[in-house]
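What follows is a pair of complexes built around subunit A, which joins subunit B in one and subunit C in the other.
== the complex of A and B ==
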């Protein structure tokens, strides 16, 4: 497996009669794109807006954010298991429209821990500084669902539409020479290869069974994760569409953009390339639904890290709220017991700014704990000059927001390590 | 006593009597059962919980 990302920088978006990259300006034929997305009868209509970096703009609630990417010919498929058959992702060349994103809105907030406004795309002001998304150009996709299409059917339609739009845009540059290319050095659990360097694995939860996955909810190669045991994934499978986020990102799930640009995998790759460590692979796991399920998953994940990847060390992240904490900690404890050093990422789930609240475990072996949090951080925000929402009522709600919590701003805090906040206990 | 499906957390906070619930989502019930069977399950769990109060700390639970 050897993935090449071919970057085509985008510095402006423009409505035009055809979709193509003119220098660094992406011309978008939105009528063509609308036609493509309206092939799905779940939508009554779809509107589009452009948003520029640092613009005085707030959009929401965000359903998902995706980096436009399309596979070159004779490479692995685009978002396998969702847009096509579930073949292995991560091979060949992927064309990337860098510096921009496709941002799909919900008609209203999903509720849960993010409250009535859900996650917003905040482009300027103090809250925006905490998010990588405020520095991107956005094609905002605003769906209007057909009557009776709500719940999981609407979520499925929005998931597919966002991915289709992202692939469609990037296909426009599939025969252009990229501005820059990056080929990842092979990651291989097999031969020792790099003597003297620690063998490091990543263990990432991709779902938590504290809620039931929708039947056709695509998470891992289109599978909804029900009944799955921990599975070995090549890091490029995460980066290249083998995994997308769940519909439910309440409690800190990340957007698909942060799977394509996975902070921990890309950092492990950086250190692998710099000769600081030997990145040997990843395990995708889920948090269990009961005690037996947890034990089974934690032991299976730890066994893969120990016996298949033969790792000396592992980085672990969770998905969801408090219960996945226990699965994360138990997996790490099993690894430490086997002599494998671990670093685990947590966040403050109770928002009282006490160090104990970031932890639901107390294992002396787990002494490398990274706080990727910020759930309790809030900002006073100015009124937004421009508001983008699916309905006037939601628009009014967003326009009137005077205070935003970190959980309510896309890209500020999540369980995957994409955060510019840190906590210091003193 | 603590009725829970998160046994590791119960152990870590030092609960001395723990009865395992059905699952993370429905600790003291089971949405897959018909109402009468679920009621019987609930009664069983509550009785186990009460029995555990009579048991020695750290015993079977």
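== the complex of A and C ==
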């Protein structure tokens, strides 16, 4: 496996009669794109808006954010298992429209702990500063579902539409010469290769069974993860469409964009290239629904890290809400017991801002903890100059927002490693 | 800036342990460490009053002392209250902590003290106060007073106070958010590399440790016991009459089951946002197993089922909250003469 990313920088979006990259301006034929997405009868209509970096604009609630990418000919499929057959991702060349994203809106917030505005795309002001998404151009996809299409059917349609739009845009540059290319140095659990360097693995949860996956909810190669055991993935499989986010993310969120640009995998790659460590591979795991399920998953994940990857060290992340901390901690504890050193990244669960409420586990060997903040960061925000939402009611709600919490801004808090907001003890 | 300073009998110059019983005395101007404090602050700050009290008197008459000190501080129109430094003097530390807390909360005037980390005053008051880390040794007086003055200046001016390692105070056990240069991914990899290479690293959250809860004595004869069902799975009667929050619940409820042999889904709802409630909604007995327990009651295997079950929602709830909920429930359990409780969670 040897993925090459061919970057085509985008610095402006423009409505046009055809979709093509003119210099660094992406011309988009939205009628053509709308026609493509409306092939799915779940939609009554779809509207598009362009948003520029730092623009006085708020859009939401965000369903997903995707980087436009398309595979070159004779490479692996685009988003295998969802848009194509579930063959191994990460092969060959992927064309990337860098500096932009396709952002799909929800018709209403998914509910749960984030309040009625859900997570928003905030493009300017102090709340936007902490998010990588405010630096991008966005093609905002605003769906209107056909009558009777709600729940999982609507979610599936929005998921597929976002990915299709992303591939469609990048397809326009598939025969252009890229501005820049990057080929990842091989990662291999096999040969020692790099004597003296610690062998480091990544263990990432991709789903939490706090809720049952919808039957056709694509997460891993189009599969909804039900019945799945932890599985070895090459890092390029994460970066190249093998994994997308679940419909619900909670506590910090996760977006497909940050699987494609996975902050932990790219950081491990960077250090692998720099000769600081030996990146030996990754394990995708899930958080269990009960103790039996949890033990089974944690032991299987730890065994893969120990026996298949032969790692000296592992970094672990969780997905979803509070309970997945237990799976994260138990997996790390098993690794530590096997002599594999770990660091773990957890969500901010301390609502009373006390250290005693900050962790959902207490294993003394888990003493390397990255703690994402978020629960007490709020900004007073002026009315947004431009509001983009799927319905007038939600638009009104977003326009009226005077205070935004860190948990409500996509990218400010994040479970994939992108956040720069941490909690400090005082 | 007008400062009122509290000292014990020793630092206040009255005498040693033999004077530990002396009552509160009021002295105009600065005494002992107060002079150093004044010097450190420089122009524009004065210790207008020094309050001196013996250590034994202070701990034995704490309420009375607190009221008197509050009165003095109010009367002196103070901008700042300073107590100590107390180093490792335990009674002094406890008094200084209590007085600083009272001045801060009752009068809204910033207060600073200093103690050795193991001073019993620290555990009692660390969360609410900025307590400068004084070490044990009074030879470090100058340095300690310097830190107290630096911190006090910021508090009096309403400026942001830095972290313990920056300002020299003892960790309060609280957390706050801060934006940092490195992403969590970079920090995560930094940390594991340091750990695997046996280099020093700083965890962002200390590992918590809790006192183990002692296992209670078993029920002598369960066939004669009164049994209660308690859940944190958020099962509540339709309409959620006590408005138990689905997350970080501050309330619990007691719900009548005296006439029921099992629980019907249509009578209940689930106020809990952290698990898939569909199975419980379909049959609440799967969370609060009244059906099985009634069977055991009929067979004589258990004595009696209490006529109510207790319920709250155990999602994302801070310990400060759950401690209170637990205590209130335990009081109810005792009041009802219950012998055994079955706790079910999700």
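Definition applied: the second predicted complex is superposed on the first by the 422 of 426 C-alpha atoms of A that agree within 3 Å, B and C clash if a C-alpha of one lies under 4 Å from a C-alpha of the other, contacts with A are read in each partner's own complex, and residues count from 1 in each chain.
Here is the rule we use: a residue touches a chain if its C-beta (ideal position, glycine included) is under 8 Å from a C-beta of that chain, and two chains touch if they have at least 3 such contacts.
This one's a predicted model, so the numbers in the text were calculated from it and none came from an experiment.
Engineer: Have a look at subunit B and subunit C on subunit A after the superposition and call it: clash or fit.
Structural biologist: clash
Engineer: Can A:222 be said to touch subunit B (first), subunit C (second), both, or neither?
Structural biologist: neither
Engineer: Is the number of subunit A residues in contact higher for subunit B or for subunit C?
Structural biologist: Higher number of touched subunit A residues: C.
Engineer: Counting only touches as set out at the top, which of subunit B and subunit C does A:198 meet: first, second, both, neither?
Structural biologist: second
Engineer: Of the partners subunit B and subunit C, which touch A:352 in the superposed model: first, second, both, neither?
Structural biologist: second
Engineer: Would you sort A:288 into first (subunit B), second (subunit C), both or neither based on which partner it touches?
Structural biologist: So A:288 only meets subunit B here.
Engineer: Counting only touches as set out at the top, which of subunit B and subunit C does A:330 meet: first, second, both, neither?
Structural biologist: first
Engineer: In the overlay, answer first, second, both or neither for which of subunit B and subunit C A:212 touches.
Structural biologist: A:212 sits against subunit B and subunit C alike.
Engineer: Please indicate which partner A:99 is in contact with in the superposed arrangement: first for subunit B, second for subunit C, both, or neither.
Structural biologist: After superposition on chain A, A:99 lies in contact with neither partner.
Engineer: Per the contact definition in the header, classify A:253: touching subunit B only (first), subunit C only (second), both, or neither.
Structural biologist: Once the two structures are laid over each other on A, A:253 reaches no partner at all.
Engineer: What is the shared patch of subunit A, the residues that subunit B and subunit C both contact?
Structural biologist: Subunit A residues touching both partners: 210-212, 289, 323, 362-363.
Engineer: Which residues of subunit A touch subunit C in the complex?
Structural biologist: Residue positions touching the partner: 112-113, 130, 198, 200, 210-212, 263-264, 266-268, 271, 276-277, 289, 312-315, 317, 321-323, 341-346, 348-359, 362-364, 366-377, 406, 414, 416-426.
Engineer: Looking at the complex, which residues from subunit A come into contact with subunit B?
Structural biologist: 209-212, 288-291, 294, 323, 325-326, 329-330, 360-363
Engineer: Subunit A touches which residues of subunit C in the complex?
Structural biologist: Those residues of subunit C that touch subunit A are 127, 161, 163-164, 171-189, 191-197, 201, 203-210, 247-248, 273-276, 278, 315-321.
Engineer: Hey, which residues of subunit B end up touching subunit A in the complex?
Structural biologist: For subunit B paired with subunit A, touching residues are 5-9, 12, 20-25.
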